[in-house]
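Below: one structure in structure tokens.
Read from first to last, the chains carry the letters A, B, C and D; within each, the first residue is number 1.
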């Protein structure tokens, strides 16, 4: 992968100045030093520490071992939330990527009014997830929304009210998420497509490679930068999924659309059980830490191998 | 060669442009795009027509119908009259609060992030990379994970629930992505520019303000768009950190929509929803082109 | 609230004294429905006009859950509101434990709260170990059903006399296109949990219900009574509508008011909605005190707590408000508007309607008072029950036995 | 010579703008034709039309006797090499070579045979397992040529294939391409803006300007008998000297200076009197002793001297007009030095000053 994060970690840009210590640079980046250290290091350490305590509304240091984690994983709310985030995450990611890519491909066919289409596809990204959630909740409202509207037209059996059924509510969320986010995927992918050397397209044509195969086997692998950006945006968005669900279903019906991030917030606010909330928060961090560690290892190994080759 | 009649040039067989078999492919492309556009437009359309209807008309549940008697009363109500509890001020205070939060947050976060990106590209000191990697990690950390320690930290410095407090929170959480953006942008500039400035005797700050900053317009536009929409649309931080007197518009919207006075006023709710989305919408309509270009140029080097 | 925090603290410290000016007192509450708004207005008016020049700064946050969360965050963040609404019970236990609430004991002793507030079960949640930490402002009972005669008429039925008759009528109501049972699923499922609590009491009986919740008795949780409660609850589900998820309580009430739904189980704050809609009891709607065979009143009203501020001016204002909340006139106005019962006997309830009178007569016998589950259960446990009940409600694949087992597990883990 | 590629009356228009108009071109089998011209002259466009990458508006294209006007690029029996190499970056060299063949469903043995042959010809066997990113520019371009080679076609199209390479590699690969042509004897159509490539490689050069072929002839002919001012000025380095004057029968006069045209071969007889331009190549101007042997001689003064190593370019004036000449570096020259220059007007070119056409 060649996205931002990797370049950031892997490419050790040649030190441009070595001898003198650039005090001005240190002063200039003081906010970064403070924030990255205190928020993304110290605060996270505290999160982990508190997850081993029985902190109620206020943080304490009364350690209870793994009790919070035992409870966490035996709570059906959490299990449902974890299942949901996987399902929601994989679904939205796949649909978003495929739909966004298709849109970009179709947009790339020399169409008329491209800027009009682009604006239409992109505008939902400017809307907050709260607004998105409310708008879709309204459209999917069983009594006043799409369903009733179509029934009023005479098709009285028409049923489309995903949000009110346990099994389908999450699809409603996925649709709203796609609506909000696939435009930006399209924009990035389109930029990626346009960045592909036109002569490669010509070469493929002369080789007689069908268009779909050219996209699949030649162009997509050449768009790794764009794909990396899209993945970065989508993945970080998915892990934090909160606003959309909060506005659209509040985790319902029942607990059918609960999400891990909502679990955390619920426990540190309403349920006044910070220890439990912090345990859930730590679990949320785990996959991210894991991915970053694996990547760090992979890039170092790659760098070493490249070193041997060179 | 076919038995086609000889043409003017005296050569038989195909000549000129390949006849268009009014390619079904083209039709398909436009059909796909138009259907997709409808999918994207329907919510906006429904919100708009609903917000222009009166409640009795809304209850007829023809969400696609144009309003019979268009009225902008719901918009006026949403902006100035709608109630949350005893307060019947509509969204207007929230609007100004959002402005109060967004403007300084955007400025502060972009200044800090651009300095970060600049220093990380040209003034690497020992340890800089470590802090940057922490930031990159921070880009992936769900806000909810660190929100509690930040509440505690903010209360220790007496900034919880204040305007400076919420500005700091937005700056903190905008920093990872913005720093990555600016760092990538500056790294893609030719190092010769930096060297020339150094030879001319410019120091850290002079080089930044006189040379780098004026060159950063494209990426700054992207950063401004991202931050304005991100901060304007924020819900979680507003809910937790803003304090009562700074309640942002999104939060007020949510309060208004979830509070019902008797029967739900869908028309007012929709007007309120549209009003809340208006500022970022306008920003996108006006500058969406730059955003697309900038995100292609600045965000990621493939 | 107050443009205080920094500026005022700075000024106060600089002058080394107290600013002599009217105090703004921010009150966080979730009284946002029309009936509730009218009621809270009585408080605000009284406070603004008491001559001290103070101002009630209203901060209504929709949904109890959200409002309480806001209060907790504000306290944790060191910026607490001047006063906040809670339900009596353990919701503010942590605040007391962590010494975050203003001690009202002196005021209470002076005004003799322990004598005027009746019955004692109402003051218990505030009066802990001899100290007063909050002010009970009303008595609400969960144990009510609100019935729409119009709905039954549409279905060609008589208004039923008993709960069992109502259950028997449900299929016919459904055939007539009437929602048999109105409910909503907002806020983590508290409406459903409330209805379940009432059915639970009906099926277990008061004594067993107390034993279950207070002593966390496993055998009752797994026993036949609970089995019947879950089974009955699932029966009711067959007679609800699609709009249930996400619906607010007062929107559910509105269905009854409009005659679209036959019955809603909801606390007596629903009466305020009927009042606000201009409906007349026993004519436009009927109220049933539940459980049907032996009506009880629960102690699930509201209390106001006063988080510590460390500012004498604000503290004085807080105490003034505390006193005002209990004054007979304010109690009368507030409770009349809200549909709740006053916490003292000596207020003028001449305006009380038949429903409230029904409640007041039940409350005469302390044996008829049912202690609210909030008294014994932490918010954590309550939320877990909300989760379970709403999960059981929406997920038909969860058997009654499974639900019972989970219920028992939550009880076993409760602190 | 048998015709391999034939373009009849080709017009290409984008909307109202006609990029190519009524263009005719015949390329013989086994011929190496270079399309030469400044950027924007339409040479690449023409090549793309031949390849079928651009859809023409009017006219016909025949390749190997078949009317391919409506054919897909892959069915035209062509291979193409691009300036940016256009290799598929994520595939190994071997896969790059074989991908098109695989897609067309060719049997594996045949693919292997062709890849082996191409890599043997281009000597890229050691690179087969590598990816393009691991190759140098020259190696990449060989692979790109190989990709055209495996297609086993009659016609090769080159679109500025050497422009991305540095000077040294460029001349190496130029020779390589020439060798390839001699070995394969395929028809090759080669687009470039580099006249050295054109001169060294071509059997015939087509010089283009504004979508029109100005001259189509052997390198020798375009060099010595340019049909117009444009061709004359475009070919040759340093550029041809142009002297403005007047043609009067067999004399070319610049003000008071009369240059007898001697046995200059006019395109047609009886030119008469007209304003004309005399073009003389710098290398056709002799200095010193050699100048004395020339039909026309003139004393002059040297203004600038540019030593190039093998030879030297000098600047002087003829009747007030700047003239450059090229001579052996053995002749000592210095600015301000008085010298005699001489040339044979018959080796020069005369153009009508109005139309720029050779007379």
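Rule of thumb we're sticking to: a contact is a pair of C-beta atoms (placed from the backbone, for glycine too) under 8 Å apart; a residue touches a chain by one contact, two chains touch by 3 or more.
Fair warning: this is a prediction, and the values are worked out from it, not measured in the lab.
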item: Farthest chain relative to subunit A (centres taken as mean CA coordinates); value: D
item: Distance between chain centroids, defined by C-alpha means - subunit C, subunit D (Å); value: 92
item: Computed distance of Cα centres, subunit C from subunit A, in Å; value: 39
item: Subunit A and subunit B: spacing of chain centres that average the CA atoms, whole Å; value: 15
item: Residue numbers of subunit B (touch at least two other chains); value: 152, 254
item: Junction residues of subunit C - those touching two or more other chains; value: 73, 76, 186
item: Junction residues of subunit D, two or more chains touched; value: none
item: Chain-chain contacts as defined at top; value: A-B, A-C, A-D, B-C, B-D
item: Residues on subunit A engaged by subunit B in the complex (per definition of touch); value: 2-5, 7-9, 12-13, 15-17, 21-22, 24-26, 28-29, 31-33, 35-44, 46-47, 50, 59, 102-103, 106-107, 109, 111, 115, 117-132, 134-136, 138-139, 143-146, 148-149, 152, 179, 183, 187-188, 190-192, 194-195, 223-226, 228-229, 232, 235-236, 239-240, 242-243, 246-247, 261, 264-265, 268, 274, 277-278, 281-282, 284-285, 288-289, 291-292
item: Residue ranges of subunit A touching subunit C (in the complex, touch as defined); value: 56-58, 71, 75-77, 80, 137, 141-143, 161, 163-164, 166, 169, 249-256, 266-267, 269-273, 276
item: Contact set on subunit B toward subunit A in their complex; value: 26, 29-30, 32-33, 36-37, 39-44, 46-47, 50, 58-64, 112, 115-116, 118-126, 128-129, 131-150, 152-153, 171-172, 175, 179-180, 183-184, 187, 191, 194, 203-205, 208, 229, 232-236, 250, 253-254, 257, 266, 269-270, 273, 276-277, 280-281, 283-285, 288-289, 291-293, 295-296, 299-302
item: In the complex with subunit D, residue positions of subunit A that touch it; value: 197, 199-200, 202-210, 213, 217-218, 221-222
item: In the complex, subunit D residues that touch subunit B; value: 8-9, 55-60, 67, 69-70
